[in-house]
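Note that the chains take the letters A, B, C and D in the order they are written out, and that residue 1 is the start of every chain.
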Amino acid sequence: MDVCDQTPLQAVLLEIGRELESCKGEGNVADYIPELGNVNPDKFGIHLTTLASEHFAYGDTEEKFSIQSISKVFSLALVFEREGERLWQRVGVEPSGNPFNSLSQLEYEAGIPRNPFINAGALVICDHLISHCSMPKQTMMGFFRTLAGNPLIGFNQRVYESEKAHSYRNRALINLMKSYGNITNDLELVLDLYFFICSIEMTCRELAQAASFLANSGVNPLTRQQVVSSSKAKRINTIMQLCGFYDEAGEFSFKVGLPGKSGVGGGIMAVHPGKYSIAAWSPRLNAKGNSCLAMKALELFTTRTKMSIF
Amino acid sequence: MDVCDQTPLQAVLLEIGRELESCKGEGNVADYIPELGNVNPDKFGIHLTTLASEHFAYGDTEEKFSIQSISKVFSLALVFEREGERLWQRVGVEPSGNPFNSLSQLEYEAGIPRNPFINAGALVICDHLISHCSMPKQTMMGFFRTLAGNPLIGFNQRVYESEKAHSYRNRALINLMKSYGNITNDLELVLDLYFFICSIEMTCRELAQAASFLANSGVNPLTRQQVVSSSKAKRINTIMQLCGFYDEAGEFSFKVGLPGKSGVGGGIMAVHPGKYSIAAWSPRLNAKGNSCLAMKALELFTTRTKMSIF
Amino acid sequence: MDVCDQTPLQAVLLEIGRELESCKGEGNVADYIPELGNVNPDKFGIHLTTLASEHFAYGDTEEKFSIQSISKVFSLALVFEREGERLWQRVGVEPSGNPFNSLSQLEYEAGIPRNPFINAGALVICDHLISHCSMPKQTMMGFFRTLAGNPLIGFNQRVYESEKAHSYRNRALINLMKSYGNITNDLELVLDLYFFICSIEMTCRELAQAASFLANSGVNPLTRQQVVSSSKAKRINTIMQLCGFYDEAGEFSFKVGLPGKSGVGGGIMAVHPGKYSIAAWSPRLNAKGNSCLAMKALELFTTRTKMSIF
Amino acid sequence: MDVCDQTPLQAVLLEIGRELESCKGEGNVADYIPELGNVNPDKFGIHLTTLASEHFAYGDTEEKFSIQSISKVFSLALVFEREGERLWQRVGVEPSGNPFNSLSQLEYEAGIPRNPFINAGALVICDHLISHCSMPKQTMMGFFRTLAGNPLIGFNQRVYESEKAHSYRNRALINLMKSYGNITNDLELVLDLYFFICSIEMTCRELAQAASFLANSGVNPLTRQQVVSSSKAKRINTIMQLCGFYDEAGEFSFKVGLPGKSGVGGGIMAVHPGKYSIAAWSPRLNAKGNSCLAMKALELFTTRTKMSIF
């Protein structure tokens, strides 16, 4: 690391962790999927991995949590690498405005989702995945395992089933896109893959590790494999920067200043291109659906270390 | 009839029929469902039934056609009679503005369709029908047969299957409503009933007869049975007046001046409360989805006989 | 009258008036324009004029009130007669959906208002009026005076100024239309005429009289002058039926069953083509902006006399 | 500069300039304001200023052009420094989705613009400016002159008048906001200030210099004065990153990778925090309203120098 040596970084995380003790209790655990509610709401962990394979951590960083929408970054990476620029004919790269627009905007824009991180866009990505892979679930799971360096990563069956049982809005989205011809595979297969990917579980450490290729010009630091081209890594980082936090992208960009992605499981993953990747987790969410403590932790981290992109 | 005696009415229909010969060829047969395209586009028929059981007809009035959305009037009648005023908690009675709004407006209004004649509203009616009847298809079919006085009315299996295979937008609508809690039964059952009802086939004569209870204060003139209360018949007529012609309610009200309902099969049914019911059919549609010739025939009819409500 | 002789009609109004005594107090006087609030909220009057020039009345029918949006029917009549069918190139004849759409729908439909009774549409009518008349205020005022048979009809200066001072939304509408090229005259002139027309004051008797040409195929029963052609009168009645009551057109059509128009001053005017015109007034409004008591009075009237169009 | 020495940077600009010669002719000069059309469409210039006060330039960098919406960054800076965090009660910091939403979204969100760079938001900023300054035009002009280090910066009277004469949509926006209470000063004063600021003219060199405080933690490198706090500079950069390029923020972020702001005069300004500021100009715009050549020049620059934030 060019601005901090090892000891201070660990000290900074420790300091942040202690400081956040007093903030525990803010926000509420996601309840739109019942299964997500069955988690200790006061868990908190943060883990940082540098490109030099240094690791710094604080808290519950070895506990698995549901990565939910953070998975959309990884399915995008897999599909983008295979599909190339043609991908953007079926999904955009611009912010979507506000959540109210979800179906309205999709209808107005004739079935083309604004970006790959809103649900409609992620469904298009899953549709591509099925077109490219004969066994998309296995391919996706293998991708996560290789990136995280852990062959034991899995998914949560109960969360998966819970998602599936509470999926009416996603079904409305995919049917609307299908009516515009923007889904090519069987809808049930696409939805099933989508729920499967959302229900994957990782620890903070695994997630930080898995994301590190995006900080490393597309190269997996563990295997030296080029996961996506350097240009594609940059594109993905840009989309995270602009669209990664639902209706709070501006707020996160300002406070944290890193490209990142959040999930309603309470996780946030972020990368500093050329330097490090980081993952934080705490289940209680703010009104916009982002983890209160994880956001605060990342904000404190980039503020104190001055390691943001702005 | 108080303004015309029998001979002139038949003469008027004959005159209109001949006049419209020169207009054949305008418009296009609906093609969003392939099966609907398999019909002779130049068919035309018009049939009028007075409350005194007089019949006047011209053209292909004994030929069966797909009544499509005209069926929504009958399913509304059946459900409204059973459910009563509580019905309006789940569906409105106001015009919907324009087709663009279909999903957007439904999203903005939290899953409550604006009226029972837009697709979303008709799906809510089907949902009620399932809640009220153990065998809703049979009940609905029996309802049509009794009203039309013909036990042989049936549905078109190929149209039914064709509807079902091209139903993504309807599936988007029903899933969106379900996400707001405005559908209570299994979505597949509701959709299946909806497609079934849309694929019922009738002749102009049968349709005019079946609608006559709405001109007769809710009483079936054939059986003297009170199908719906007088007040409910008035409510249904009002909804037809305001919402019966997609985005052309104002145009139809002005030109024809009768409460009515059209379908993309090319049929139009209309009633003159206290006087008569009428059905016209011709498959070619204008840009708004209403039959060119059937609209023109009804316009000529009410203009010449001065038998409109305005 | 064909269904009631004179004595019962007067008796019906008396009965309705007494019955509504118990409903006084419901609803609230419009307050978006402060000046409209300066009125005794418990006033109530109803006046009916038959085409045979019979008059029946109950309550405060000789008291002037601000006719507000009811004026839109009269400016439409004046402009439609002069402009003819070309008018519909710049304003539609279809219901607008809901109030939320006011600016959104206008933007989506590129500056063409859905009908002449939403504010945007009435502004287009005023724009036409200025194009057709060298002194549009005088022309409009003369029109009202001739129709009502009273040369003393005037406008309320304080209401006019109050409207003008609280006109931001109307200014947003007219500027948006101008940006699409759908306003041809100076915006201030158009707005000024609009506010002037809205602030005209009439009594129930005068209003019922002024509207009677719409019940009489376009002929002013006092002067025998053809105000608008019979076809145009029918068109105007149709637009009233579908668009006359903001977001309560369906409700009014069902309950009252007559083409009509309401204003936030608490007035409602309605016509029964071929039979009579009627005006009711009471300042307290329901949540949709229509007079509680005037609506109820008209509902009771058409229910008891069975004199509705449905 | 830490990655390039002086000679190569100048060489890079020269190379880019030559390369772009072949692209001249793409796109069209803005014509929504006639006066903007009176410019040589094939002009092109690019100027870079490092925090160490080095200057590198190519092309027409000493020619004045209309900065248009780029001015919104400077009015925001001036107001944000004075108003502080309370500013965000009246304007948001999130991307707006798409241009279609301009009025619709503002209506849906009750008059609160999504960010300070859409027109509605910039009008709110002007409203604040009037509240804070007795002579806002002079204050604003003085601000530009001090930042650019040139007391002769001025505005174009004809562009100013041309803007004013073609301002219906902006008038619709401001009236809509006023109807929601989100404008406090006289509308004409606010609009006049808005048009004035948009019609300021600068050269590429002046613009790059004026923007350099945003690359320098809020400090004007010429005067060492703290223009805005370091935190506020970061906030402004974030908003530029997410909202600076109309409906092409994602595209620009990816291709150029710097916070920036474009104007329909063909200018683009961007900053690399801690390193440099840069301005490019060429009048022909792409379909999204951003300068074709200026975008391409910045893309080539950050690609070759690897000096972007991603």
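The rule is short, and it goes like this: a residue touches a chain if its C-beta (ideal position, glycine included) is under 8 Å from a C-beta of that chain, and two chains touch if they have at least 3 such contacts.
From a predicted model like this one, the values you see are computed outputs, not experimental measurements.
K.L.:
From the C-alpha centres, identify the chain that is farthest from chain D.
P.N.:
Of all chains, B has its centre farthest from that of chain D.
K.L.:
Using mean CA coordinates as chain centres, what's the gap between chain A and chain D in Å?
P.N.:
32
K.L.:
How big is the gap, in whole Å, between where the Cα atoms of chain B centre and where those of chain D centre?
P.N.:
57
K.L.:
Centroid of chain A to centroid of chain B, CA atoms only: how many Å?
P.N.:
49
K.L.:
Specify, in ascending order, the residues of chain C that touch 2 or more different other chains.
P.N.:
In chain C, the residues touching two or more other chains are 100, 108.
K.L.:
How do the chains pair up in terms of touching? List each pair.
P.N.:
Chain pairs that touch: A-B, A-D, B-C, C-D.
K.L.:
Residues of chain C touching chain D in their complex?
P.N.:
Touching chain D: residues 100, 102-104, 107-108, 168-169, 171-173, 175-176, 178-179 of chain C.
K.L.:
For a test of understanding, state which residues of chain C touch chain B in their complex under the given definition.
P.N.:
Those residues of chain C that touch chain B are 92-98, 100-101, 105, 108-109, 114-115, 234-235, 237-239, 241-243, 247-251, 253-254, 257, 259, 273, 309-310.
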